[in-house]
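By letter and in written order, the chains are A, B, C and D; residue numbering begins at 1 in each of them.
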Amino acid sequence: MGLRTPEQYKQSLRDGRSVYYRGEKVADVTKHPIIGLAVEHACLDYRMAEDPKYRELAVIANNGDPYSRYYYLPRNAEDLRKRSELIAASTREGATLVVLIKEIGTDALYALHIIGERMAAAGKAEYRERIHKYHQYCRDNDLAIAVAQTDVKGDRSLGPTAQEHPDYYVRVVEERPDGVIVRGAKVHTSVSTNTDEVIVLPTRAMRPEDKAYAIAFALPIDTPGLNIFATPHGGTVKDAFEHPLSARHKMMETLPVFDDVFVPKERIFLNGEVEFAGLLALTFVRFHRFTAVSYKLPLMEMMAGAAYAIAEANGIIRAAHVRDKLTHLAAYHSTVRGLIEHAAAACTIEDGLAVPNTLLTNVAKYHFAHNYHQAVQIVQDLAGGLLVTAPAAEDLTSEATREYVLKYMGGAKGFDAEKRLRLLNLISDLTASDYGGYQEVLAVHAEGGFEAEKLQAYREYDFKTVADYARKVAGV
Amino acid sequence: MGLRTPEQYKQSLRDGRSVYYRGEKVADVTKHPIIGLAVEHACLDYRMAEDPKYRELAVIANNGDPYSRYYYLPRNAEDLRKRSELIAASTREGATLVVLIKEIGTDALYALHIIGERMAAAGKAEYRERIHKYHQYCRDNDLAIAVAQTDVKGDRSLGPTAQEHPDYYVRVVEERPDGVIVRGAKVHTSVSTNTDEVIVLPTRAMRPEDKAYAIAFALPIDTPGLNIFATPHGGTVKDAFEHPLSARHKMMETLPVFDDVFVPKERIFLNGEVEFAGLLALTFVRFHRFTAVSYKLPLMEMMAGAAYAIAEANGIIRAAHVRDKLTHLAAYHSTVRGLIEHAAAACTIEDGLAVPNTLLTNVAKYHFAHNYHQAVQIVQDLAGGLLVTAPAAEDLTSEATREYVLKYMGGAKGFDAEKRLRLLNLISDLTASDYGGYQEVLAVHAEGGFEAEKLQAYREYDFKTVADYARKVAGV
Amino acid sequence: MGLRTPEQYKQSLRDGRSVYYRGEKVADVTKHPIIGLAVEHACLDYRMAEDPKYRELAVIANNGDPYSRYYYLPRNAEDLRKRSELIAASTREGATLVVLIKEIGTDALYALHIIGERMAAAGKAEYRERIHKYHQYCRDNDLAIAVAQTDVKGDRSLGPTAQEHPDYYVRVVEERPDGVIVRGAKVHTSVSTNTDEVIVLPTRAMRPEDKAYAIAFALPIDTPGLNIFATPHGGTVKDAFEHPLSARHKMMETLPVFDDVFVPKERIFLNGEVEFAGLLALTFVRFHRFTAVSYKLPLMEMMAGAAYAIAEANGIIRAAHVRDKLTHLAAYHSTVRGLIEHAAAACTIEDGLAVPNTLLTNVAKYHFAHNYHQAVQIVQDLAGGLLVTAPAAEDLTSEATREYVLKYMGGAKGFDAEKRLRLLNLISDLTASDYGGYQEVLAVHAEGGFEAEKLQAYREYDFKTVADYARKVAGV
Amino acid sequence: MGLRTPEQYKQSLRDGRSVYYRGEKVADVTKHPIIGLAVEHACLDYRMAEDPKYRELAVIANNGDPYSRYYYLPRNAEDLRKRSELIAASTREGATLVVLIKEIGTDALYALHIIGERMAAAGKAEYRERIHKYHQYCRDNDLAIAVAQTDVKGDRSLGPTAQEHPDYYVRVVEERPDGVIVRGAKVHTSVSTNTDEVIVLPTRAMRPEDKAYAIAFALPIDTPGLNIFATPHGGTVKDAFEHPLSARHKMMETLPVFDDVFVPKERIFLNGEVEFAGLLALTFVRFHRFTAVSYKLPLMEMMAGAAYAIAEANGIIRAAHVRDKLTHLAAYHSTVRGLIEHAAAACTIEDGLAVPNTLLTNVAKYHFAHNYHQAVQIVQDLAGGLLVTAPAAEDLTSEATREYVLKYMGGAKGFDAEKRLRLLNLISDLTASDYGGYQEVLAVHAEGGFEAEKLQAYREYDFKTVADYARKVAGV
């Protein structure tokens, strides 16, 4: 096959999976008032493949069955560029919220491909074969995949074996002839309520004593013993006038718990090779930060665009300080976009795969993340206090209130009350709601946090060459 | 009398007032699921007056009937310091949310006192008398007062008379022998759903042609023709475990509409004296920004304190970057506190009232406001992604989920899952929720916005002296 | 011919030119103690053309006489990339100081080429021909060219015709059959003490009444009536141990005064076509900011490299805050480099010439400029107070002092006193000397200043597309 | 006596002291072309005591012989405020350069007073007596005192005993019945070329094994074995038109080397009491950072004032971005001034002395230091590129050049070329010269550097109270 319809995707989620929301098991995620939103949002991916406007970008069709571009292994800069473009386009359709049901999973598959080659070169060819098969399986069945990487960690200053109990990092508790039994939990696992599969990766480099924790594998979501706890954050039913983004678009965050789950051999991609655990974690992140910056672009477009639109509606577009602030947003967006486009162009080919330039990717990600809150401040500044004091949707329809709202909420010529309130609600939803808080926390923490980004930039930057230059001029 | 009980306060709100929430008139604000929360929050003021711990700070008792300190006219630096302390203490009790039902109203009364003196000096003594009487009335009846200042403004680049319709600024539409009829609406009017009175002030300086807009007055909330539209922002019923601040504390923001409302003579404090409109607006702001910075102190305490507590719980308190970030929060708080304390100490006495140093107040306010989003970023950074991915309250009580949450959500030694989640939920509520968004927008916009604060600092700073110094050294 | 030797270049400067230094006419610029340094620095350009290491980069040799790459018209992204690389390489040889004797001149020639085409299209083909001929003349004679653009401007809030006297902008005072007489002065004109030619461009858009000011032309430096006033800033003879950069490298800044100078027809490139004045000014800047960012790269390399080297020498390289600061410098450099490389890759072809992407160029320039002082702060922070308290060169050689200096100025293992002092002196010269001040002011002002860069970014950014996106999602 | 004349002060410096400048011993520091400038600058202190305008501020005269206020022990907030005012006033007279010949010395004396009390309380009363006597001696003879605190340190990641040689920190090499022999060197020792005395303090906390390094004492500068190496930074003879600050004002930085110097018993204030070394170092810094912020105030006045004056001269004072930038400078100055004034007001009384609030002092110092380079950027931005491209002093006097300079360097109405150039030269000297670099490095490093200031703020801030508040609201 190769391509599924949205309906086929939804049908595949009705498989008896153990998903819990607010302490209760969810009977059918597609019909849950909150998770159902996330399912609809995820359908965007399948819809775009059917949409003539996006088909060429979203589908690989050269020979044989057509399949989703996400499953295509990037071989050069152009492949990376198109992947980035597809990620941005689907996020743009998602009204600044990433779809993610294939993006992150294929980042993991790319990383596994590279690690598979490295392990083969080190004499362990069996992993490579499993990885290739698993990749084909996902591609040919057009599956949705979550990735679970971040262990719950307990005391974050301690390694896996020094914790109060041994399960703060996911580990193998039993080896069997046909597979392993794993135990533990992974936080911050996006979209696992509504994917077919979850790929589990180690979160960090491991030392020899951490052997049991050096484990990577994949499982169907409905595997016995795998329980998914969905977060309630942002989980209220919302009015679409007041929350034009988050009333329609939702991504679930979860805590998958592996309660002594059996993983069959062919689904194990690393098991005890501690020397490859850190490399796998890092290689995944190298791809995933590129993905992440790609899907932040529509968010920055929206900030600049919404700020411009509301400044017009408020009648302040010509004020000097307003232009200055809009320029700041434009430069913010252009800087991140320029860097990530250049990260694709300046990729390296490793084990046959195109890997985005790691230094530029990390610099782009850090620039995005570090300056996000300031951009929020600017957008809020230009919009005005009505972000949190505007009347309700019903005030525009109720007989008792409607005329007043229409009369008094108007803005500059051409911007009647409804138009202006729609723009204000967009910005309120984007920056001053639980969705706004979600985006702030993602900016800070998703794909690894400030310190991780800085550490990787430090490691990738060529200090030797520049220090030699300084020493030469100094005469040392 | 002089002091009311919380119950008396609540009773006074059941007066048939026209308050609308989501298009419907609210029968009894004290029993409304959302506004009722705001009423309870406001009761803090009356409770503190009864509380031995706060009585001395909250109540003036020297001679005659005791009355709320808010109604005391500050005569010196110490009076300002105590007022600031009281505002901070009540906001601290309000879990970072200001109470405001007397704070802002007395800021307006102080400003009216000064303008009353100035108008008397200009030959219009009647206003002074009205202001004094109104002040006594509010004080002796321990009333709660909202202040409506910001006109809806329409096109913000145009003045009152240049708008598409003449009502974008509140104005007098008819003069009567016994008073005036006013029309218009004022945005961003906090707490008017649950006060006894509203004071209405002009929002800016007026030109001769704006005579009808140079109007200040006070009215009971239940005055016919006065309709209050409450904003729905943040208006959902919340779980107190997940939202320890906002499930319990709420302040209403409103749009009061004056639909041809009659204001009797004795309640008119300015009417057509365009030359005093700007001075009144500005004088109010001079007091109100001092109030504002005072009630931001507990918010900054909370940010530093919550960041410290979660860093401990996460086991990262000794990391160098964590200390650096905590120091930033400490310096942020200390800078603003130091400046506002010094603004009280360096007050000027004008027409018998102590006015906080305007330059220092504006600098303090700007420092708070301009750096708020960055502080949010730091707190979110130290807390971790669980701010938006943590399990629900019910996951800690449901049999099916409880044991997993307890096992996997633990932190550093001494911080079990529940403790850690409580701290995380506090920070999530504080920074990554609609309440967090509310605080961000308040930081940017409340009490006048960045550009207004900067303009006033520019005007207050003594450029002449420093430019003379530069010229002297330059030999010019 | 096509390529000159350094000696030929120097010989060409002994032409009786009117160069004034500290009020006195300079007999021979090549032998002047300060300007002579600048001449030697400029020779780098001619030396690199002879140096096998750089020959391929610096010289175009495909067919016919070889000539300097600077004179090559860029036709595609690769041409721009190589030009950028050459500019960076020569600045690197110049120890962070740009050479500039062909860089800026060819920026002007490229702009003239484009304006020549536009004027030809508008029916004035004669300019295009003159420009082509002048370009060939400079290329074939391997000339050094200065560019004079910034008028002295008088009151900067007023246009050319509103000034206290009419000569605050360079203008035509007389039209003759064979040419024009020009009068005025241009500030910030780099390298004109030691070039063969100067190209004069308008500094801004002109209105119809500014016709006499819409003038562009080129002249040999020794033209009668052209007087060059050199600035004394940084003009002291320095010890090379204490000032490893500025004792050896120097660029002259000048005020060329046109005291009723005759310009022959064939050297006039614009004369009264007010509608092209702004376009010419802007087109020059589009090329020149790309040049500017290219020559800032070695400066940022030096900052990161010197900071790293001194942190090692001081024994603090492993401290967390030091890594953090070094990462900041690495990200600073990488961001600007990534953006400017991408500006070349994303060029547009206009009238046959490759023009670097203007938005990215301006964003890169602004990022460099706006963050420069902070980078200086970091480098100074890591180096230590010895930047301004270290002993003198003579203290290392004098018998009376040498042993003490050697004993006490040592650093971490492997860094003896001399090595460490050399690194410190490098950084002191780079950041805490008149050279350091020069670089700071260049960062702020060269190629047009913050506000100009921001304005151009504002104009180039596609606000329409992003605002449409926001409106669509808002449902407007 | 109690008060000396400037002439007496100068005479006291002709004592055969071993001061080296560029490898050569200086015969008479008062006549040296560079150090002589510093002597004249220092005379400001003695001149102010004679000047009726400053006499009341500069001299304590209540009973007995009048003496310099610096020697007065502060007993309350008002004493600290006056001391701060005196320091600011003398620095203002010094055209932004601190005088320092009594400021820093008395900071050390205050700290010694407190440590003396503490040691007396611990059973070592002899130190207290010596300290009192030494204080009286300095006061009664109106002496100038340098303070040497910062050891040369070698590898800054290692303590005193772990270095490559044992003399990287000043230490006692021999105990004698009547005193000790000390060896070592101290960097960054200001003004010791032209003081009567030097007080030597330990630079950090010491461990038991560092006993020999726990040493504090005072010596006359002309003590045998004490060699002063003056730094050459900024040591060129300058034109007063081009360098209105630094041509007239100079402070020497030195490396005093203690080449087995004998210190008599009565001049030893700490010797081996390792437990008091850190406390002494810290107590000195608590006073000295207060002093430092006091003398930074005129620098910030100058930046705001010079920026304002040049913006006027350039004709840009009404531009929105200019006002914004001036406001930034005003807020910068006002913030630091407000904090340091409040640090005096909020002092604590320790062992009878008023100690400025340490948290506020550190926050003020950090705010000053961390934002200094940005302020420089703004001042340079408003001034323009002429800071480094303006003509020379001689160009204004030479017949050949004068008329051109006068014609073309004019600015806005009322600002002729000379006036404008004087303002530009002031700013160039202040920010874009070796003096500008000196001020930048001082901002970063003087009185202890960023990390030291942040560490002390971290320690002083009351995290416990705020964390308790957070925990209470969180329900933990």
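Keep this in mind: contacts are C-beta pairs under 8 Å (C-beta built on N, C-alpha and C of every residue); 3 or more make two chains touch, one makes a residue touch a chain.
Remember, predicted model here, so these are calculated numbers, not experimental data.
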Neighbouring chains common to chain A and chain D, by label: B, C
Of B-C and B-D, whichever chain pair has more C-beta contact pairs: B-D
Approximate Å spacing (C-alpha centroids) for the pair chain A, chain B: 38
Between chain C and chain B, distance of the C-alpha-averaged centres to the nearest whole Å: 52
Whole-Å gap separating chain B and chain D, where each centre is the average of the chain's CA atoms: 43
Interface hub residues of chain B, defined as touching at least two other chains: 319, 321, 324
Complex contact set, residues of chain A against chain C: 92, 95-96, 244-245, 298, 301-302, 304-306, 308-309, 312, 323-324, 326-327, 330-331, 333-335, 338-339, 341-343, 345-346, 359-360, 363-364, 366-367, 419, 422-423, 425-426, 454-455, 457-458, 461, 463, 465-471, 473-476
Of chain A, residues touching chain D in the complex: 319-321, 324
Residues of chain D that touch chain C when the two form their complex: 20-25, 150, 152, 154-158, 164-165, 167-168, 184-185, 187-188, 227, 229, 231-234, 236, 242, 253-255, 257, 259, 314-316, 318-319, 321, 372-374, 376-377, 380-381, 384-395, 397-398, 400-401, 404-405, 407-413, 428, 431-434, 436-438, 440-442, 444-446, 449-451
